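Step one of this worksheet: look at the structure below.
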Amino acid sequence: MNNTGKFVLKILCPDQSGLVAAFTGGIAQNGANILDLTQHTSEDINIFFLRALMECESDAVPKIKEHFSKMEKEKSMQWQLYDAEHKTRLALFGSNTDHCLYELLLSRRDGALPCEFTCIISNHAVLEPLARFFNLPFFLVPSTLPKPEQDKKFNEILHASQTEGIVLARYMQIMSKEFTEEWNERIINIHHGFLPAFKGAKPYHQAWAKGVKIIGATAHFATADLDQGPIIWQGVQQVADTGSIEQFIQIGKEVEKRTLLQALKLWLEHRVFLYEGRTFVL
Amino acid sequence: MNNTGKFVLKILCPDQSGLVAAFTGGIAQNGANILDLTQHTSEDINIFFLRALMECESDAVPKIKEHFSKMEKEKSMQWQLYDAEHKTRLALFGSNTDHCLYELLLSRRDGALPCEFTCIISNHAVLEPLARFFNLPFFLVPSTLPKPEQDKKFNEILHASQTEGIVLARYMQIMSKEFTEEWNERIINIHHGFLPAFKGAKPYHQAWAKGVKIIGATAHFATADLDQGPIIWQGVQQVADTGSIEQFIQIGKEVEKRTLLQALKLWLEHRVFLYEGRTFVL
Amino acid sequence: MNNTGKFVLKILCPDQSGLVAAFTGGIAQNGANILDLTQHTSEDINIFFLRALMECESDAVPKIKEHFSKMEKEKSMQWQLYDAEHKTRLALFGSNTDHCLYELLLSRRDGALPCEFTCIISNHAVLEPLARFFNLPFFLVPSTLPKPEQDKKFNEILHASQTEGIVLARYMQIMSKEFTEEWNERIINIHHGFLPAFKGAKPYHQAWAKGVKIIGATAHFATADLDQGPIIWQGVQQVADTGSIEQFIQIGKEVEKRTLLQALKLWLEHRVFLYEGRTFVL
Amino acid sequence: MNNTGKFVLKILCPDQSGLVAAFTGGIAQNGANILDLTQHTSEDINIFFLRALMECESDAVPKIKEHFSKMEKEKSMQWQLYDAEHKTRLALFGSNTDHCLYELLLSRRDGALPCEFTCIISNHAVLEPLARFFNLPFFLVPSTLPKPEQDKKFNEILHASQTEGIVLARYMQIMSKEFTEEWNERIINIHHGFLPAFKGAKPYHQAWAKGVKIIGATAHFATADLDQGPIIWQGVQQVADTGSIEQFIQIGKEVEKRTLLQALKLWLEHRVFLYEGRTFVL
């Protein structure tokens, strides 16, 4: 006997005639029903994007996969089929501050984020009580360890907990090239400044000194190149010149947590496509 | 010989299994290629919405229409097929102020609004030079005339100019029941207040007296019931308590023109669905 | 020997010539130094508002108070002098949901809110672990008790803890006329809807059914007249028609907590003036 | 016999004790009445800013000026006294596009901008009908002329028309070092990108390729260093990844005109202070 489930299909390929019918036909032939579909062709680069939420019995899934596997080569397509009811297992990396962590932990608890958190990893012990309060394992991995050793520990923890993705919730450390490549497109970082405006250290000091009237935050996929990965979401907030640098930082924290939450939600709903170094969010 | 054209298909019907494949299959069988598609089922009311932009040769159009006509009854569906390259012919109704008119006239001229304006109709002569500057016929229809007489004049002008829709760009007059019913879903009004908060006269005075911190504007389909038609778009702006009523009104004008422009753009792109007294914008 | 302190002076009176010099002269004569001053005369109602942050030695304070007391009658002025370094003692009232509570508790802990929380009072036991985690006394006062009995308990708790103000953080109960009058201008409520648009129950359902494109929240002083007190701050967020009522509520929670936080900050910084049923925030 | 007038006083100086009383006392002694005052000390740099709107009879003005002249050296202060009812005489520089020009011309006409426009100067003839429609002299100064010759022509036009300030409304040409120095702090430019993010040419193409989710515009004082002068105001707008570069540019135009309008308004109201390369807007 079969169970009915919901699935998300993502397709990215060069545009050509008849794609939507070919794809949705394949879905229908295999007994799946589409509930929500967004398709867009970027005419600037001639690339076709499709995201569909569908409902079907579980034995239809292998057939649908087979169908798309057959088309894959001919259409030069990248595609994935996700179980929409699966809660993605995410590890949280933090450091000294917890405003982003609380935002994510509370949002998940309230049903606003379709994920499970597997653990909190930090280079400081200060987050341990928070982990305990939310019933999460806590792992201290000091930044003073050599990078390869840190990476080894990270991967042990992540694999043991069947972690599928990572959120750098103000972790403030550069990840190694090896680690970001291994977890490519599965690490989301929040940058406490408005990329690509202010990179690197003390962006709020930079912003204040420049007299900007709007500050922002950027959530992006982490790469070894600090604060440079593909942008997932951005948030902004107007600031007054009567505010101090300290107040800029406080306002920035508000923007950061909102922006990270939104980026994570989009990613967990499989709305983020990556193509040639930039994202397309549908 | 045939020409290739772009068309927008809109479908609204009760949800049921297999609709997307049935619809897009019908499109593909008749040789049309989908460029952009948004489908959404509102699970709160179990209604299916679909908007597709497609490309096909002109002789495919009657076949596609036939295809959908056949399904119409069985699926209890409302559907339209629009020529995406047709510039909708709109009449502008104005009164004393011209900020919304300029916004629309300039946006259309800059290619941001896919429409033609057929004329300016006003109850005051003051807009005549503006009409002349933009090479539009101008018609003075005084509000002092009896409503039925006004309606008669409106319809003469509108039919003679093959007008397909109406924008009330701060026209400030209540339209008759007969007229709004005749032009049902084809009259867009901008209300200088944030519906449903402040209805009727002097909404900025009402807002100021109440000490609101945000003012807004609402673009909606006009009905005989003043300022009560289905909302198409809303815009807002924060205001300071150090502002005077006069400044509220100035800020309000900015919000009004932006909001009306956006609503009109959405409607001209056939993104606005109407169902049981509210819109769904895809 | 004296200590230097910071003080906030608020003045509200009918406008007349020479007020700023009279007031700041009085401050300077008594040895206080102004650090930040905002003065505004609303020409629409001819009322003068002044808020000044000043620094002085503690023995200057009684002299400044005497100075203003003498002018009080002549200028028909309302004035207060607040110790800017005093942390206002606030009680939190909650019910089933904790998103606003976390926002306030964490913001205070991060130094973003100049207050102390004295306790959490609730009609449900569910908030007790939260109170314990933040080291706050928790009091269960069931809503099933008669109002006068509830009021009695509230006041016992509030007076015993030297509470100076109350935040209704989604408390969801109407307060008695007696209680709101006793705590007049000292109870801040967050209304989960965009006042004065949607009053009363289920505002998100109302908003969804109406097809609004923007939802909001309103923080206001509580009065016995539900959701009708003077507005302190408002926040908004655009919503998509593809969102469900459930998603409206989630987005609404985000707006609510941000709006309540901002309103509370403004009030704690003594920026909120009340005049004839509306606030002026400087 | 004397006339009553309104004046704006701006003061910037190192902070020290008693400044507000000293300044407002000086104003009161000379018979002027303050209507609106904002004073702020930036504790990050220890600088005092004051802006006051006052009312007085015209023969008080020289006395007030004398008063502040005497204090000037002792307080190391920069100060100006402006006639608040004087309409600043501004020249508009444009090129091919007119969206910013219309915004400013219409806003001034509607009473939202306290200025007069003296002329439109352009490197293209295309703006001439617009100038004529608004009854403004039009001057064609081709960019193919050598810079010194252009500067000479500019200055002739500007001085003959008693122009006091310049708005570069999408003029798209780099001004010479000599010219920007001569008109220092009196040239306002709108940059069609979100400074300091995207400098130089084709910022919308840069933004699109980077996949930014928010685009913006920055109004700033022009310097010879392209797009690098002190920021006066910034505006932003969220964009969808389903938008084309062409749509980015359209949205950008909306943001540009709003941002330039707001910056100009702030400057004309004498709210913009310049200190060490950044502005403070009170």
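By written order: A, B, C and D. Residues from 1 in each chain.
Methods note: contacts are C-beta pairs under 8 Å (C-beta built on N, C-alpha and C of every residue); 3 or more make two chains touch, one makes a residue touch a chain.
A quick note: this is a predicted structure, and the numbers were derived from the prediction, not measured.
Engineer: Out of B-C and A-B, which chain pair has the most contact pairs?
Structural biologist: If we tally the C-beta pairs in contact for B-C and A-B, the bigger total goes to B-C.
Engineer: Relative to chain C, which chain has the most distant C-alpha mean position?
Structural biologist: Looking at centroid distances, B is the chain farthest away.
Engineer: Taking the mean of the CA coordinates per chain, how far is chain A from chain B in Å?
Structural biologist: 37
Engineer: Rounded to a whole Å, what is the gap between the Cα centroids of chain B and chain C?
Structural biologist: Measuring from centre to centre gives 41 Å for this pair.
Engineer: Identify all positions of chain A at which a residue touches two or more other chains, and write them in rising order.
Structural biologist: 36, 40, 242
Engineer: Can you list the chain C residues touching chain D in their complex?
Structural biologist: The contact residues of chain C facing chain D are 17-22, 24-25, 27-29, 33-41, 52.
Engineer: List the residues on chain A that touch chain D in their complex, please.
Structural biologist: Checking each residue of chain A against chain D gives 40, 42-44, 194-198, 208-214, 216, 230-231, 233-236, 240-242, 244-245, 277-282.
Engineer: For chain C, which residues count as touching chain A in their complex?
Structural biologist: 36, 98-99, 102, 106, 110-112, 133, 242, 250, 253-254, 258
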